[in-house]
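Below: a set of structures, written as structure tokens.
Below are two complexes that have subunit A in common, paired first with subunit B and then with subunit C.
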Partner chain A sequence: MNNPSISGVCKKSEHFSRRALLKGSLATGAGTAIPNWGGLFHSQSIASMAQKLGKRCILLWMNGGASQIDTFDMKPGKATAGPFREIQTKLPGYKVCEYLPKIAQQVEKLGIIRSMRTTSPDHPDGIYHMHTCYKQSERMPHPELGAMIAKYLGQTDADLPSFVRMGPTGNAGSGYLGPRYEPFGIERNGNMPYFTSPYLPAANESRRNDLLRFMETEHKKENSADAYESHRVAKERAWRLLKAKSLFDTTKEWPKHQELYGASDFGRGCFLARKLTEAGVPFVEIGQENYDSHADNFVCHKANMQILDPAWSGLLIDLERTGQLQNTLVVWMGEVGRTPQINNRAGRDHFIRGWTIVLAGGGIKGGVVYGSTDADGRDVATNPVSEGDLFATIYTALGVNPRTKHFVGTRPIWATPEGSKPIKDLLL
Partner chain B sequence: MKNTAASKSVNFEKATLLWSFTWDADWVSAVSFIGDKHFAAGNNLGEILLWELPEKPEPLGESPSEKSKPADKSERPLYLSPKPVRQMVGHSNIINRLLCAENRWLISASNDHTVKYWDIEAKPSGMAKHVLNARTIEDINRNKNSGRKPPTPLETEVQTQAATKTIEGREWIIGASLSQDETTLITGDDAGQVAVYDRKTGAEKKRWQVKGWAFAVAISPDLKQSLVSERYPLVFDSGRHTAVKLWDVATSTVQHDLSKEFKDMQIASAAYSRDGKILALGRGGEGEGKIFLIDPSTGKKIRELSPIHQYGVTDLCFHPDGKHLASTGRDTVVRIWNIEDGKMIKELGKPRGGQFKDWFHALSFSPDGTRIAVADMAGYIHLWEFR
Partner chain C sequence: MMPNSNFLRIKLSCLLVLACGTLSLAQVAIKQNKPESTPLRQTIDKAVQESWKKEKIKAEGKCDDSTFLRRVYLDLLGTIPSYDVAKKFLADQDGKKRDKLIERLLNDTQFSQHQTTLWDLTLFGRNPPNQDATRNRTLFKQWLGEKFTKNEPFDLWVRDLILAEQEGSELYYAQFTNKPEDLTESFSRIFLGTQIQCARCHDHPFTELLQKDFYGMTGFFVRLVVMDQGTSGSGEKQLKKFKIGEKNSGEVLFSGNQKELKPGKKGEPVKPKFLSGAPLEEPTLPANYKEPEFKSGTKSMPKPQFSRKEKLAQWATAPSNPFFAKAAVNRIWSQFMGRGIVHPIDNFGTDNKPTLPDLLDNLTEQFIAHQFDTKWLIREIVSSETYQLGSKGENKESLPKHFERARIRPLSAEEILTVMKVAGGDPEQKSEGSTGEYFRRYFGEPTNGLGDFQGSLSEHLFLNNSSNVRAFISRKKGNLADTINLSKEPWEQRIDQMFLSVLTRLPKDSERAKFASYLQSEPKSENLVEEAIWVLMNMSEFRFNH
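Entry: the complex of A and B
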């Protein structure tokens, strides 16, 4: 039997798989190898500079691509408008969708980019592009935003992973930065994969690990290659993660925060993201399914916004309340926008000629609406923003030079493509 | 096969498309006969127009504006479409349901959170101009490279009237239905509120909350039972929800929970037969457009109708003879079913080719059972006659 609730979305095979999500994040027979641990391999001075700023980033990933016209760039009275109505925000003259009432009250924290004009129209390429700012078709595997932030903002001596993701998110991984910056995937309620639970009593586990350490130390005397060392370090870090595992457990705290964030998986994930960034994790990505509404766009978006609105606004309120907001950049985006034209399935299709992304918090000027689309929302009217421009803005806000150069062999590669410019109007 | 309708004998197999009324300001989303000589249609903009059907219709000529119409999408109508005569002014969002009582009162349920009553015998309050093919002209003018020439504007002027009564809801009112005797109105909205009203006065008699958004609602002829289907259409998320329940109206308690039987199905349409012994349910969305006949006293499935609509069902309506059911959906066909044996006896309209080509949103039988009106999202109201 088909599930009616998943009709109208692209085929699942067109999206990244959960297997891809976990790939490389946790492995080994004992189940305790965590690749992206801290910043052991940081060597650049840029990393230490960025780390000093103490910046964090939370990416709210709208999987499938949310509709700009049904959220932040409404077109009342136009044929493209749809059934949602506007409500006034705290920003004079600026209105958002009626199903974002709580976000409307937080708009003074938001930098709203209404003029995204991007170049990858479908899910696999769009997800890759909006996570790396490079086209998927390039032969070089680029690292995604989280891996880059893990590299430059992660702490070398951290007990926690530096790149955590939950739910439906990106799939590009750490690319040329290497496996140490691969994401650590968990469920949105903080549950870790089953194999992270030791099946031996603590004392036995400890003795077993000591034995392994002894054997590896002996082995190292005769075998000093990097691969062996890397493997050993990964194990050490995995064992340290297990000691900090309780941080991921939100069971006791969640009932007290549920009202603020909304009783949903996504809301709980946002709360956990706040906890993790507070504890020092520099990058957390959390995904919300599923905005890919080629059919029944309006009921799909309405239901999603009822989850999104308290979760996102709750996160901003909680970050502010705990004094983290000024150092934590919150990014709201997906891989594409949605067409102004409403198709004959009551849906909106993928759209890249003029869509919306929202930034808030660390390094971003709030209460700013940047760029615009034309009367019907069919194209950007002013201030087009590319993928590279967006990433240059994000990196700059986080204290990372967007023109940072990396070398793969002898080939230089920059953090953002040539010509990318940060949006100065949005930066503090 | 001949069947006896409420007042006239009806041969469902011999159906003729009399008119295809053009109105493409936005999707035509609802339709209802008001007596045998009038029908009203609503659209996604919240507009409602009223048409009066002529005693002596004018054969369809060769005027360019009429010639290019739905002939290529379905079949060619016999007659030239008369223009609407009246507009009901007051809604500001999608009209989801139009119902009729006493062949005089039109009741509309809308995304603007209201139900409104309209007396078609009321004096008009003003006039308004419409171009019935405005969207087609606008689309062609915007896409100048298409090579198509815009058709002649179908201009018309209609009388306007305001609602005589407004019932305020809390969210989009998607579900609305009248009891067989037209004394009771039931509505369901996206806040999960189900409300039962005295139809004449609009006084609220009962209200209860369901977990999801109330989708299809129906009330039994004896007024004792109601069907409420629920949805919360999240995708790939643990918060998604569907339910199908039969409720005791007097106590607002669940009599039969059919949710397991209809797991993951969004039931978009429901209708009780005239004798109350059968409840028809239609599965909506883009999945298989299945239609189920239920025994409302037990909640047990009597049969599933076949063939299914290619995509979801949008509306179900029992014929006045009590022996037949009409269904329509996202495949732009109308089917007439014999309830007793579950056989399909007639299909009207044609699927429009390719994947996902338009919907028929709603249908309505004339009180004498000889005609059926169908709301077509492509910007038409089709009216077939059975003889």
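Entry: the complex of A and C
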């Protein structure tokens, strides 16, 4: 697929971080690790380490914020409990909601954090914060988790985009990492976005592209600036993506997988994510909507869980079956939890004092329930976890140093805020 | 160092009032108009060339005529020359043809339009706050456009921007309604070349800037009030008007380091203070003064007894201001040279030294001596040998640090749209409704956090497959594709025309031969011609000004 006449990637030796040295930056350039670099971590060596590990990440995004008390942190007998009953999981003594029966059978794969205490209580700021681990009000162009993973786990010469997303998802994009790592949005059924259907017949398109390759090769003989190369690489990536387009089409396989994942858009998105990560896409995010249940919380959650339960458990089973689970981290989270207090519209509002996020698969110790909330679920009782701690855990599980440093203009910025600590109990 | 600083305009207005007749104003004028012994363009070249010697750098030679033609068209007008203009210029034997071209372009109406576009983007960015008000900036651009059409001195239009009393100019403040801190950041960055925002939350780690400096500057903006004057039109045509008022009282409350902030802690009032300068001297308000309540819907308010805004306008644009003229010169330099002498251009400071400090001082002094004449400064820069260097070579840096080669800068979204129309042979072509928006979305912000160009997947999917782009390429009566298809000239000549139209250069022999065989590979040429023009418009050579 790679045309040999145009190099898609800079040779490492050509690109040895002169610019990075000049700018004191880790954000640019390829190259080997620089000895005597002092306290800085060299991003490219981190990337090559992580790539060697072959790690992937799938984010199941619960848009609006799922209720912890009605899922993984139930409070039977308390005023805050709600109408759902508990069911026993495979983990002795640990029970989850009756509407997660299939997930209950997968608990040995899950690392459940019941003690999220976060700081952005609303949707836009919470969505931003839980995608970047930084506050939106800082007005810095922070990249989303997906863009960071794309940078550190993606292959420059891959046919597929390195950050794919579907459904309702993040709002920060690739931020200071730049357009190279921007999210590629598709529909959960695999439908492609605008401008992915060529208007020319394949033969014309192909001869046209070859003529452009010829011209670029001529141009490259006398012009070496980085900017030109970036343009050429992006063009090749766009062509390769179109050639690999059929991978996004799940029409044929879906009927066979529908039973496992459940017949829903979200389930189909999870199946597609499994397919894409297997094909080398390092980060896929799938959003599920309708969690913002300020009214009729229980109706909403019952309906949502019936979609979520088969989709999520199906994904874990399928990843295990295809031998990918140990390399694929599956994150289940939204932007906020929901209040223990049930309001007068039978709803639950936004809650950030103690809520639940679940990790599974690559790099994560399964069958662990970490942290706890108090008897009524009104606050964290043990082991509070911040946004930064969560991201540090995710990055560590994926082999990316959570203290990786970039520069925005002259300002240094780290992958996670100062003081963030990975949760050791959850890491393999 | 600034011999002429006594004769500056701001002061002139005072002189007029105080001492009209006593000091000879005519003398001042003569002194100001006296030509320098060395033209600035030569000062530039001397300084740059000396630095190459010092750094042992081998620089590129002078660029060829077609490179110069395309470069200077893009930099001065934001477009490329038509086929006819290019052909004529390349054939012209006049030794002074570059200077003549520069003069013609500087006096073209598109020059002031292009400057307006650039400064509008500087002042608002791609995604300005207060979207509802800033989406349609017609009035602001009209206001700014007039300034550039008249070549109004830089300090004067900036002073009017700070005063915000002329119709249209109010929008700069209106984007920061109720956000004086954001306004402080924007203003200091653009006009004082200082990244003061670090000091918003904590004392600056690498410079002497303190949080109190930040809030001292904010004091000049904290009393401003944006008064909605109503809305006309709807949808994309919706236009909001504003007036800017200023209250008699109101202070910035400073509550210390953001990290140590406790809920409920009240801040202390901070007096306005000029950046790195003296605190503002102002009369104290009567102890019992009570500010009239500002009701939403208020359309006008009386001038305050003491206007902080006016004091800021005076201080900011004065030649004695250590930041203003220097920041302006550095920013204008970077428009043409790709990077500032201080780079990034808005980050002056002890931790970020200029590469050519003497040259920067020299440019600043002469800019002041020339009464902040932007057009003069631009003329001198683009006439320099430094600006007219070649852009090829093995250097990988897109923005060479010592200006030893021309910079490679991506065309802006606006430029690409204009250039595609000209290249396609129909400069007046109307584009469908969403085209402009798509161009801004896909070409709008092509850089990472450090300003390095990054090509994106979506940009190329758009270029490859969109009918919006195809509309400028495919055959239509009278456009380039049509002309080439109808022409009876030999293919070689038609290929020359295609290259000159799109890339402003003739093809190399190898390119001409390749295109000739491509275009004759089928009996019918129409598809092939369209494909060939698409190829030229998708080259990296096309994507950048080089």
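One rule holds for everything that comes next: the second predicted complex is superposed on the first by the 361 of 428 C-alpha atoms of A that agree within 3 Å, B and C clash if a C-alpha of one lies under 4 Å from a C-alpha of the other, contacts with A are read in each partner's own complex, and residues count from 1 in each chain.
The rule is simple: contacts are C-beta pairs under 8 Å (C-beta built on N, C-alpha and C of every residue); 3 or more make two chains touch, one makes a residue touch a chain.
What you are looking at is a predicted structure, and each value in this text was computed from that prediction instead of being measured.
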item	value
Touching partner for A:Leu428 - first (subunit B), second (subunit C), both, neither	neither
Subunit B versus subunit C as contact partner of A:Glu182, first or second or both or neither	second
Partner chain(s) touched by A:Leu241 [first = subunit B, second = subunit C, both, neither]	second
First, second, both or neither for A:Arg345, with subunit B first and subunit C second	first
Contacts of A:Phe407 with subunit B and subunit C, given as first, second, both or neither	second
First, second, both or neither for A:Glu216, with subunit B first and subunit C second	second
Shared contact residues on subunit A - subunit B and subunit C	none
Subunit B residues within the subunit A interface of the complex	26, 44, 93-94, 111, 135, 138, 172, 190, 231-240, 242, 263-266, 283-288, 312, 330, 356-359, 377-378
Of all residues in subunit A, those that touch subunit B in their complex	1-9, 79, 83, 85, 168, 264-266, 288-290, 292, 295-296, 299-300, 302-304, 307, 343-346
In the complex, subunit A residues that touch subunit C	14-15, 18-19, 22-23, 25, 27-28, 141, 161, 175-180, 182, 184, 193-200, 204, 207-208, 211-212, 214-216, 218-219, 222-228, 230-235, 237-239, 241-242, 406-411
For the subunit C and subunit A complex, residues of the former touching the latter	195, 198, 206, 344, 347, 351-352, 391-398, 401, 408-410, 445-462, 464-467, 470, 508, 510-511, 514-515, 518, 521, 527, 531-532, 534-536, 538-541, 543-544, 546
